[in-house]
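In structure tokens below, several structures.
Common to both upcoming complexes is chain A, partnered first by chain B, then by chain C.
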Partner chain A sequence: MTINQMAEALGLRVLTAPEGERECTGVYIGDLLSWVMGRAQCGDVWITIMSNINVAAVASLADVACVLLAEGVVPEEDVIRTAEQKGINLLCAQQPAYELAVRLHELGL
Partner chain B sequence: MKELSLNILDIAENSVKAGAALVQILLTQRQDTLTITIADNGCGMTPEVLRSVTDPFYTTRTTRKVGLGLPLLKLAAEQTGGSVRLTSRPAGEDPENHGTEVTALFHTNHIDCPPMGDVSATLMTLIQGHPETDFLYRHERPGKPVELDTRRLREVLGSDVPLNSFEVLQWIEEYLREQYQTDQTNQENREETET
Partner chain C sequence: MSETVRLYFDVDGEDFTSAGQASVQVKKSLRQLGIPPEIIRKVSIAMYEGEINMVIHAGGGKAEVLICEDCIEIRLRDQGPGIANIEQAMQEGFSTAPDAIRSLGFGAGMGLPNMKRYTDEMKIESEPGKGTDITMRVYL
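This part shows the complex of A and B:
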């Protein structure tokens, strides 16, 4: 499943998707960035409520397929801009992380 | 808490609740550390209470004299490899010189360091909610420090103008914004001349 397909299936709001055709291969949930940095896998959909600029750095470092902000969190404009520049897919949703994970599981992740 | 300005608001509210006449909020930004000090002249805490305020269970089980502000500040600082130091002199011990001082050290280049957020908004909230309390704010950073002292405002305005009147708050907001902006412009100019 690609990022664009996931966004469509879950009705996610796409903040920026410079790599919208990227395939997602797993899911990781976490908010402590230093922890996520060492554990999220390449190709994961990373679900978090953190939205500062360091999220973009960790997403880039861990090479996740996208950052999915849960619980209605919307980042500052400069975070969206940075994500766009660095080729990071950034999406958001109203649902909490658990609900998003369940839906993703149903979609085969 | 996702932004340090919210931590600051929480701790400063504790100071106000402790009956402080003056709350000092001092930020010192160095190369890769940030020190936040919130010092008040409120009623202070006994050594027993002082030991327990960073224990979230103690504070939620009692009548909650202090909220979760300190445990959360401690967590935020320690997640960056920093620390929190707490000192207090209770009024019962020294009626002349009492109060509490909270100092938090953050390593700003640590990935888990929360962003500063809008400190000006925090100050506005404090002044708006507690127009009788005095606040001294000083943010030392590369360039000119940003400062606001409500005692000086009172001197100029006189005692019959409340600090939470719309015009005063609007002026404070603009005053802080200008100081931060000037600093930014200077810094940008410096960077330009360097390159």
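This part shows the complex of A and C:
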């Protein structure tokens, strides 16, 4: 499943999707950035409520498929711009992380 | 270990929001050199953790990356307060980061353990009051 397909299936708001055709291969949920860098896998959908600028750097370095902000969190405009420049797919949803994870599991992740 | 490419960076200790610029640059350079993605991921995560540590604890420092035939070596040097007990600092969850840093999602006590996790060799030399030197290697 690609990022674009996931966004459509879950009705997610796409903030920026410079790599929208990238495949998602797993899911990781976490807000502690170093923890995420230590545990998330390349290609994961990273679900978090952390929306500061460092999230873009962590997503880029950990090479996750996208950042999915849960619980209605919307980042500042400069975070969206930075994500776009770094080629990071950034999406947001109203649902909590658990609900998103359940839906992603139903979709095969 | 014959050296082919050497990259230098000054890590700005003032600007937490731009922390990670050196690591992102290294990632780009490694990609251009055709280094395998999993090696790039290891090097850039280890370096980012080191860079963040220098910003949080040491007011910045210097980073050097040597890309050799058989390995990538990352050298991080700072003149911060040093690490009083390296063994304790290496434990997952141990952190001396201030609350403001924790609220940004850092300071979980995973920085040094992640650096060790993602590299094949790691050497820390630190003297309280003088600074910290860290050398890490990832073999190709």
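One rule holds in what follows: the second predicted complex is superposed on the first by the 109 of 109 C-alpha atoms of A that agree within 3 Å, B and C clash if a C-alpha of one lies under 4 Å from a C-alpha of the other, contacts with A are read in each partner's own complex, and residues count from 1 in each chain.
To be clear about the criterion, contacts are C-beta pairs under 8 Å (C-beta built on N, C-alpha and C of every residue); 3 or more make two chains touch, one makes a residue touch a chain.
The structure displayed is predicted, hence computed values, not measured ones.
Asks: Counting residues of chain A touched by each partner, does chain B or chain C come out ahead?
Replies: So, of the two partners, C touches more residues of chain A.
Asks: Have a look at where A:D63 lands relative to chain B and chain C in the superposition and call it first, second, both or neither.
Replies: In the superposition, A:D63 touches chain C alone.
Asks: Quick check for you: in the superposed arrangement, does A:K86 touch first (chain B), second (chain C), both or neither?
Replies: A:K86 sits against chain C, while chain B stays out of touch.
Asks: Look at A:L10 in the shared chain and tell me whether it touches chain B only, chain C only, both, or neither; answer first, second, both or neither.
Replies: So A:L10 meets neither chain B nor chain C here.
Asks: If you stack the two complexes on chain A, which partner ends up touching A:C42: first (chain B), second (chain C), both, or neither?
Replies: second
Asks: Now for A:L109: first (chain B), second (chain C), both, or neither, which partner does it touch?
Replies: neither
Asks: What part of chain A is shared between its chain B contacts and its chain C contacts?
Replies: Shared contact residues on chain A: 32-34, 37, 50, 52-54, 57-58.
Asks: Across the complex, what residues on chain A touch chain C?
Replies: 31-35, 37-38, 42, 50, 52-55, 57-58, 60-63, 86
Asks: Mind listing the chain B positions that touch chain A in their complex?
Replies: Interface residues on chain B, with respect to chain A: 2, 79, 110-115.
Asks: What does chain A use to touch chain B in their complex?
Replies: 32-34, 37, 50-54, 57-58
Asks: So in the complex, which bits of chain C are touching chain A?
Replies: 16-17, 19-20, 23-24, 27, 37-38, 41, 44-45, 48-49, 52, 104-106, 108-111, 113-114, 117
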